[in-house]
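Take a look at the structures below.
Shared between the two complexes below is chain A, which pairs with chain B and chain C, respectively.
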Partner chain A sequence: MVNETELKSLIENILQDMVGKQEQQPEQVQEEVVAQATAEATTTASTTCTVASDACLPDITKVDVKTELLVDEPYDQEGYLQMKQKTPARIGVGRAGARFKTATSVRFRADHAAAQDAVFSYVDEDFVKKNGFTAVETMCANKDEYITRPDFGRQFSEEMKQEIKAACGTPQVQIVIGDGLSSAAVEANIEDILPAIKQGLQMHNINVDNVLFVKHCRVPAMDVIGEVTNSDVVCLLIGERPGLVTAESMSAYIAYKPTVDMPEARRTVISNIHSGGTTPVEAGAHIADLIKKMLDKKASGLDLK
Partner chain B sequence: MILNTMLFDKKYEFKTLNEVMAKANEEKSGDMLAGLAAESAEERVAAKAVLSKITLEELRNNPAVPYEEDEVTRIIQDSVNEKIYQELKDWTVEEFREWILDENTTGEQIKRASRGITSEMVAAVTKLMSNLDLVYGAKKIRISAHCNTTIGKEGTLSFRLQPNHPTDDPDGIVASIMEGLSYGAGDAVIGLNPVDDSTESVVRVLKKFDEVKKKYEIPTQICVLAHVTTQMEAIRQGAPTDLVFQSIAGSEKGNTAFGISGDLIEEARQLALRQGTASGPNVMYFETGQGAELSSNAHLGVDQLTMEARCYGFARKYEPYLVNTVVGFIGPEYLYDSKQVIRAGLEDHFMGKLSGIPMGCDACYTNHMKADQNDVESLAILLAEAGCNFFIGVPHGDDVMLNYQSLGYHEAPALRQLLGLKPIEEFDEWLQKMDFVDANGKLKAKAGDASTLLV
Partner chain C sequence: MRETILSVGIDIGTSTTQLIFSNITIENMASNFTVPRIVIVDKEVIYRSNIAFTPIIENNKIDQSLIQRFVEEEYRKAGIRKEDTQTGAVIITGETARKENAEEVLNALSGFAGEFVVATAGPDLESIIAAKGAGISEYSADNSATVVNLDIGGGTSNLAVLHRGEVIDTGCLDIGGRLIKVHRTNKTIEYISPKIQQMIEQKGWNIQVGQQATEALLQPVVDEMVQLLKQSVGVQEKSAFYETIITHKGLKDHKQITHISFTGGVADAFYHGAAGDVFIYGDIGIMLGQALAKSKLAELFTIVKPKETIRATVVGAGSHTTEISGSTIFYTDTIFPIKNIPVLKLTSAEEQIDESMIATAIKEKVTWFESEGDRQNIAVSLQGKKNAKFQEVQTIAAGIAKGMEESIQAGYPLIVIVENDMAKALGQALQSLVGKHHNIVCIDSIQVENGDYIDIGHPVAEGSVLPVVIKTLVFH
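So, the complex of A and B:
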């Protein structure tokens, strides 16, 4: 931006240029001067701004909303902060008239943006390659079809089924990763949860070989994989529909010999897996134990209890 | 009954009234998923043209699901006032629509007519209404009900305070209640969606609610939205309950999927009337939403709008205090984007009122839907103008338990100020006593400061 001194000297220069325009009324002269100065200042400003661009605003998503109280002169600040500790809900946010403050509404939109991006973006192909997963996909042509046609998201083409069969064979335990409704959940948790599951299973001498990655995946896709591979247990790790608190929450759906159209009650579910909920490492160990139990009891879901 | 028409020189032949009804709907992803939607924009209009000439009698005689096969159909048909029906039965849907919109037709006349019609008629006329028609028609109709206070009076707009918490932590729930009260939300009900559906937990939350209600002497209703059977057990164990909640569907099969029947709802109502804490007589709270039947494969080849109307026909029998559509919760496979959600919100509100029930709306959206906060704010303004009884309010629009977004507490004073509306009278007096608002509804310094309740 142009500072006051610079603006002053600009005006002086212009005034000098204008000497001789005596026939004009003083008021007109002044107007013209200001207009010209503003125009020149704008031109100058763009270069000055580039110089100043090293500065950077702090990341608003790093603010801990649980400790941020935005009510002006609260009656009981200490008490309010204690209330905020008891809930992740956005309370103590203050107001601008009967509307939200700017900071909290921008933060809300940031969290919503993260949730939407998690739904509508894809898991990076390099991520799938780097981890050595076998990539397959359901019948959905694109994301839009994925969100509107749950029936397509649980089916595979015949060729795809052959690929699955060829890649997996008939393992005792088949681990499947599905993008589901959050690609962010897959990328955030898989590299922690998978080693934990594998390690846990190895303690029982159970090996996990080929891990499948399913694009456009709905939960019942695991039933098709169960039928194709004839595995004893299929474990699907899938991104949950994101909330605003986190876009990285994942669920594990595990079933003993799943079949297409089986009752939902045959699935065992562990949800809320993310760094702020059940941590992926913790969940991985728990999942390994559950799989062992299913193999021993030859059952899953409600039948396991 | 004529099910064929020419349109742009092309002949459209529909096989059944259900097909006409489904294809006459505005575009909805759920009808497409069910394979029931019109295949082209022109076919949609052809269906509307056919529907406009169908008589109310033809709709009565061809319920969406046969009388013998479905309890919801029986409840709707058996509740029709035959005398009023005789007066209306020869009208076409076109005539019915224009009678509702006529400037000489009053809300009282429409309320009388609503006792002589079936849900299929309610759905049919809605399919011929534009968005502004739906607002214009609904605005005439006021349906009020009394639990501890009276909801739905002319000039009022109420809010359910929804203090959900990811672990049902009592202190966390109370914190959200205090915040909401300080903005003027909570006159419809203070109602929690519990994470833990056990009787023990529901009893604990109800007792906490009752404690808060008594401590601050709040003139309102309390409710924990567990399964109806859990709430009944809680009442039997002596838990203070004003309203009994249940999600309902438009088919018997859908209700079976929810684990309910008409008899069970009546049993719950009688229990609440005898052992509940409310003055009554309206002690029931129902939630609905287009697409619920399809999601449990209980739609029986019927479109989602007609199924939704049938929910209201079912609800009416149990004289509810609150009914709201959770319009944007179900997801994009049923309502694709903000345009479809806004349309469905206006349809559901109009249909609820035309069915004679006290209607509200959870103006909301999920994160896998192409909608955002702007869209539900727009819907809220439209519905508030249409005379909607109540909305759902959560802290800053973010429900941290159900992981979806609805209106914020701030929307209560904003919408009231904007449209010159007030909370329920006793609650308004309470807000003034607590120094949150003045007599004109203007927010005072204490508004939005929940810590003023820490005494």
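So, the complex of A and C:
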């Protein structure tokens, strides 16, 4: 039986052997190390079961499903792959008897798990601090309440409202970030979309300094913020309900002078912001122009057309 | 939202000059809840002109005034005013592109035909335009086929290979129906092109200008032309004369080709045959078409019937030259149309996320474009990065701004063409670097190569996209 320390020293030895092989990619090296370690471990303990606690399987979610064709002996491989390039749907997955292949069903479960994680996890507090956002939260006490009581997710306590007012004042444009149904979306996109929005607005001499971060946020929370700050335009960047294609999709909801209980038609939405959809930097540049247009026309949503 | 753009196409070929008008329809295909995605959804030819002979006068020149009269007359017949055309292209093709005043005529005509009617020339472009105009691009996409299209006109045969809708290779040979001209009534040989003359001499055939033309006399020449065309698509060993007959380059690789199609004037005789006088057009075009039909080419490949034959190039010029940019782009107004801008493209090796590397590469290449100390207006082109980070966009922008600083200081607009979807953010970054008052055009989803020229028209679709023509300007 190889124990953990033995395995560690094994890996260390192999790593030292590999110092000369600098041209290799780090992943490659790592793979080789694991492979060699496993091989050596197996030989030293050929009859017993080996637990390689530091080793890891390849991350199956890193495989781009758009380029992975699982059909055995396809009639037209190039045509199939071309078709797959056009959709993230799980086509061309082949089958094992009447069922999915292992790769397909495992990937499905992994993507589903990522979606659930995105909903039930929180945006890292350090992330909020590092970016200098003012952190506030709606009336929800926890995630369960957030999921089961959408009405709480659009309200703030009186103290919170005071805090928002104190932090923001009355800016012309208020940017708000909400965790929504995907904390992963916030962490994946904000650092690219926000500077793009700011840069675009600066060209029009509009500054956005105080950015709010709202925990347990539903879309209409922006209406309360609009009323509290009396801003001309409120732009809410919020994590979208995740699906099996991506858990990192974000939407921007933007409204001119939003008010509580206003018709939904007054919101302009830019959805599907993620690395595989509208990229965060392009979306940010587009949103900046959109905000400028709203300020000029004093309208948003369907009224803007 | 649907919008129609009126486009004109004019083809001045070796034997014929033609004109068409077409409607290009664009539409926003994205939902209301995402960024716009405006694409061309339909192209429809709405008017086809007569097919006129290209007027050539003494001294190897094109008769510009006759062509202008033809264009004017066709505009009148179609009931279209020049101001109505929003885009389009004039292409000068085949032997006509080698006439002394080709460039002059082309430029005059593009101005004459409309504000954003662009001037184009070059054998590769001609091959692509003809294949697209004939619908071969769609055919190869719909049938997952690799098709070679031979556009055989009066002076040249333009070859294009299309694989699943994409052009993968082009080539051009000096083979055409009008390289030997025959008097229409007394049937004497009036003209033999220099390269065909060379072929005749090498073969030791007794064929000269002034001789009475008969099918029997000219059959060996036509058969030799067919042999050369066979060589060009790789079904026959290349002869020594093949290199001579190539205009500038042949096809590189023929292994994949499964289908063949013919367009151009000669194609009609290929598909339909011809009865009666073979010299009715005063040339050997009909003989060439018939010889092709009898050749093995028809057996070795699957024959595709094109949507257009003699009109393929003009339809291509009118309907398939205008592209539209991506829908999230950046531009400052009032500088359109921008015409005949040469493209400076960075290689992928030069295109690192590194400010000084990009700047140095641009500065070095800019010198290629400086003709006699005259600083030209240049479009910088790069592939860009898929899903670039904000900081990466800033770095690329800084590199471009630095590389183009002299041109910026000289007051030229900064024109940037990027393949990946990042133009709006890149344009914004550039603007923040060079200042609000400098003109910038930054567009994406457009692919260009070194040696290309770009023309950019007035914004369409409520200003969200720009019509773009990517072209070459090659005169022999």
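Note that in this section the second predicted complex is superposed on the first by the 239 of 305 C-alpha atoms of A that agree within 3 Å, B and C clash if a C-alpha of one lies under 4 Å from a C-alpha of the other, contacts with A are read in each partner's own complex, and residues count from 1 in each chain.
Everything that follows uses one rule, which is that a residue touches a chain if its C-beta (ideal position, glycine included) is under 8 Å from a C-beta of that chain, and two chains touch if they have at least 3 such contacts.
This structure is a prediction, so every number in the text was calculated from the model and none was measured.
With chain A as the common reference for superposition, the partners chain B and chain C occupy compatible, non-clashing space. When the two complexes are overlaid on their common chain A, residue A:Glu68 makes contact with neither chain B nor chain C.
Contacts of A:Gly79 after superposition: both chain B and chain C are touched. Counting the residues of chain A that each partner touches, chain B and chain C differ, and the larger count belongs to B. Legend: residue contacts after superposition of the two complexes on their common chain; A:Gln116 is shown touching chain B, with no touch to chain C. When the two structures are aligned on the shared chain, A:Glu145 is found in touch with neither chain B nor chain C.
Taking the two complexes aligned on chain A, the least Cα distance separating chain B from chain C is 6 Å.
Overlap of the chain B and chain C interfaces on chain A: residues 76, 79. Listing the residues of chain A that touch chain B in their complex gives 71, 74-77, 79-80, 83-84, 86-95, 97-100, 104, 108-109, 111-112, 115-116, 118-119, 147-151, 181, 241-245, 247. Residues of chain C touching chain A in their complex: 32-35, 144, 164, 328, 330, 386-390, 393, 421-425, 427-429, 431-432, 436. Every residue of chain A that touches chain C in the complex is listed here, in rising order: 76, 78-79, 82, 191-192, 195-196, 199-200, 202-203, 251, 269-272, 275-286, 288-289. Residue ranges of chain B in contact with chain A, taken from their complex: 29, 32-33, 163-166, 169, 171-173, 175-176, 178-179, 183, 331-333, 336, 366-368, 372-373, 394-400, 403-405, 408, 410, 413-414, 417, 443, 446-452, 454.
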